[in-house]
Structures are given as C-alpha cells and as structure tokens.
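This is the structure, below, for whatever I ask next.
Note that the chains are named A, B and C in the order they appear, and that numbering of residues resets to 1 at the start of each chain.
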Amino acid sequence: MHREEIEVRTEGEGAIHDVTEELRGAIERAGIDDGMAHVFTPGATAGVTTIEFEPGCVADLQAALERMAPRNAVYEHNRRWGDGNGFSHVRAALLGPSISVPVAKGSPILGTWQQVILVDFDNKPRERRVVISVT
Amino acid sequence: MHREEIEVRTEGEGAIHDVTEELRGAIERAGIDDGMAHVFTPGATAGVTTIEFEPGCVADLQAALERMAPRNAVYEHNRRWGDGNGFSHVRAALLGPSISVPVAKGSPILGTWQQVILVDFDNKPRERRVVISVT
Amino acid sequence: MHREEIEVRTEGEGAIHDVTEELRGAIERAGIDDGMAHVFTPGATAGVTTIEFEPGCVADLQAALERMAPRNAVYEHNRRWGDGNGFSHVRAALLGPSISVPVAKGSPILGTWQQVILVDFDNKPRERRVVISVT
C-alpha cells in the first residue's frame, strides 16, 4: 500500500485543478503494475471527479453546479454560522470526495480525454490536500 | 480485510445520519494502520457522501436534492409501481452508494469538519444497512 | 487482484445498461469470498452508479439529468470544439466514473432491487468499456 499526499493551492470559487499527472507519478512510485488507485480530498468544501480538462468543460461544470446550488440562494449554514459558503458545502457533498481508478501496466486506466480533477468549492483561496492511495 | 455491517434506523424523507464514529470504530477494530476504508449502503433509495454534519448543511443538502429531483414531480416509477418514491430512486442514483476514505495511523483521513453520512431518501422509515470495509 | 474489462455497445443519449451480471461473474471468476469490487468506466462522457433497473427509474434518472444539464443549453465546450456533447461531459462529471461495492460469500452486497449501471451520456452510439476490479 502506497500513499502520497499533495497540496494544491487554489483560488476557491469552483476552481478546478487537474491532478492526473500527480496520480500517474504516485502509481509509478508505488511500483505497482496492476491494482487500484484511490483519490480523496479531505475537507467538506471540495470534491473529486473526472472530466475532459479543457476550459470549455471546466466552465460548463461550474455553470451546472451554480444551477444546482446557486451561490446566492438562502442557506441555513450561512444563517447559523455566517460563513457565506453554504453553497460550497452543498456542491461538495453532491460531487463527493473520492473516486477509484483501476491501474494496469503501471498506469491508470483512463479515457484519452479523461482527467482526474479536484474542484474547490470554497469561497476563498485554500491550500488543498489530495490523498492518492495505490493498492 | 475487515468488514462490519451496521444498522441505522432512519425516518426516511432525506434523513441524514452521521456514521463517522462507526467508521472510526471499524478501522480501530480492523487493527490496520495504513489502508483504505470503503463505506457502502445496500439498497436503491439511499446514498453515502461526506458533509460538515451540522443542521444547517444538512438542511441545505436536503433542499438542493429537492430542487434536483422534486418530491412531487411526475415520476415514471410511480406511474408503473404506485410506490410514490420515484424521487427517492433518482436522488440515490445521483448521490451514489459508496465512498472510499484513506486510512493513516489507524484513522480515516478526513477534514476537521468533514463527516461521513448516510442519506435515506425513501418516503418511509427504514432500517438501513451500512457496510464498512477496511483493506 | 482480479480485473476484467467488458465492452458494452450503447446508443448513447443517456442509455443505461445493467452490468450487475457481469459484476457477479467477475467476482465468481476472481474466486474471492470477501473483498471489494470496483466498477469504473474509462472515458469522459459516461458514468457509473446504482439504481433499481426498471424502465420507470431509468426514465426518471434521465429526466433529472436533463434538468441538471439540459441538452440544448449553451455549453462552452460546444462553442470551442463544435462537438455538440457539452451536456454529456457535464453529466458524466456530476455522476462520476466509479463505485466500490463490498463482496461477501463471493457475491456483491447489493440491495434486492439495486443494480449497478453504466450510463452513456454521449450524443452518439459508442462501444463503452467497463473495468471491474476485485480485490
């Protein structure tokens, strides 16, 4: 079992970061040919998924999440805590914090145009952790 | 490989239960320092994710899911089966039944304000199973 | 670690395929009694989740995804690349490419009415790969 933790400096506000190279590197350093890779982000206002990482898809995903949990809707979290990031919590819970990717011949089995991304939903810049586990 | 199954009595209707303590206990009983924990709920009308488990975020997530799959929209499932829980099925499929959390030093690597939750979308009280696997 | 890759010929356009039998078969061929099964689809325009696989729920999930990322909304991906499948990318990122299911006594621990499904969001027929890993 090999685990790496990376830090990603984000601007928050739905910032999307491609962590596929870090995933490939971790698998290589794990020295495992066949197995599973798990990507997880600790924290309640960020999520992990896959997408074609190009500016169009990135903007489209952000727009869809704005429709699902609008930034300026009324949130109970904001009323209770005054944080202003109620929308961030909802989006993170909906997207989920983890994905699992199979590994073959020392590489993740991803589609040609499929990248693993971290989405930071918080309403301010953050130093985000991403935990990559290879088993 | 260590597996535990817990039962959670819920009120349904989007009831959200924090199962983080059960996850911590299972990892401890597994006696594993470094590995992966997987949380899964069997059944087609419940889901698993993470959130800051406080009443505000809980209400906000429930409200977002009501926007995504309104309780009183027209559902083909209801028309075919008369169950009345078409919205529950859609919400569960969207949220997903599983997450994977890395384990270090015998604890799940979660954010300070991040809890693992079971969401029961069904339209009646249920006895829910949550399967925790530690590898 | 046992891995199988299946191909599913789909019509795209939100086509939903039940891959539970393939999952059961892979677990059986893995010869593993207790463990984890991971289901992943390579590609940026398809996803994996669970649902009660009957025509009503299938139609209801498709309708919800149409609300979340309407086919005919304006997508930056379409404007940049002329692909016309911006909605497919957004839906796939939201649903996610992977789930993990625990295995006991050589079978996946699924609810009675819970099936594992591949959803192909692309706007044309595709030959889809689904990777099933048993650990």
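Details
Criterion: a residue touches a chain if its C-beta (ideal position, glycine included) is under 8 Å from a C-beta of that chain, and two chains touch if they have at least 3 such contacts.
Note that the structure is predicted; figures quoted are calculated from it, not measured.
By the document's definition of touch, common neighbours of chain A and chain B comprise C. Comparing the residue numbers each copy contributes, chain B and chain C share less than half of them at their mutual interface. Computed centre separation for the pair chain B/chain C is 19 angstrom, with centres defined by C-alpha atoms. Multi-chain contact residues of chain B (touching two or more other chains) are listed as 68, 94, 96, 100, 135. Only residues 1, 3, 38, 40, 42-44, 68-69, 75-81, 86, 89-90, 92-94, 96-98, 100, 131, 133, 135 of chain B touch chain C when the two sit together in their complex.
Chain contact summary for the complex, chain C toward chain B: residues 34-36, 49-52, 54-57, 59-61, 64, 67-68, 94-96, 99-102, 104, 109-111, 113-115, 117, 135.
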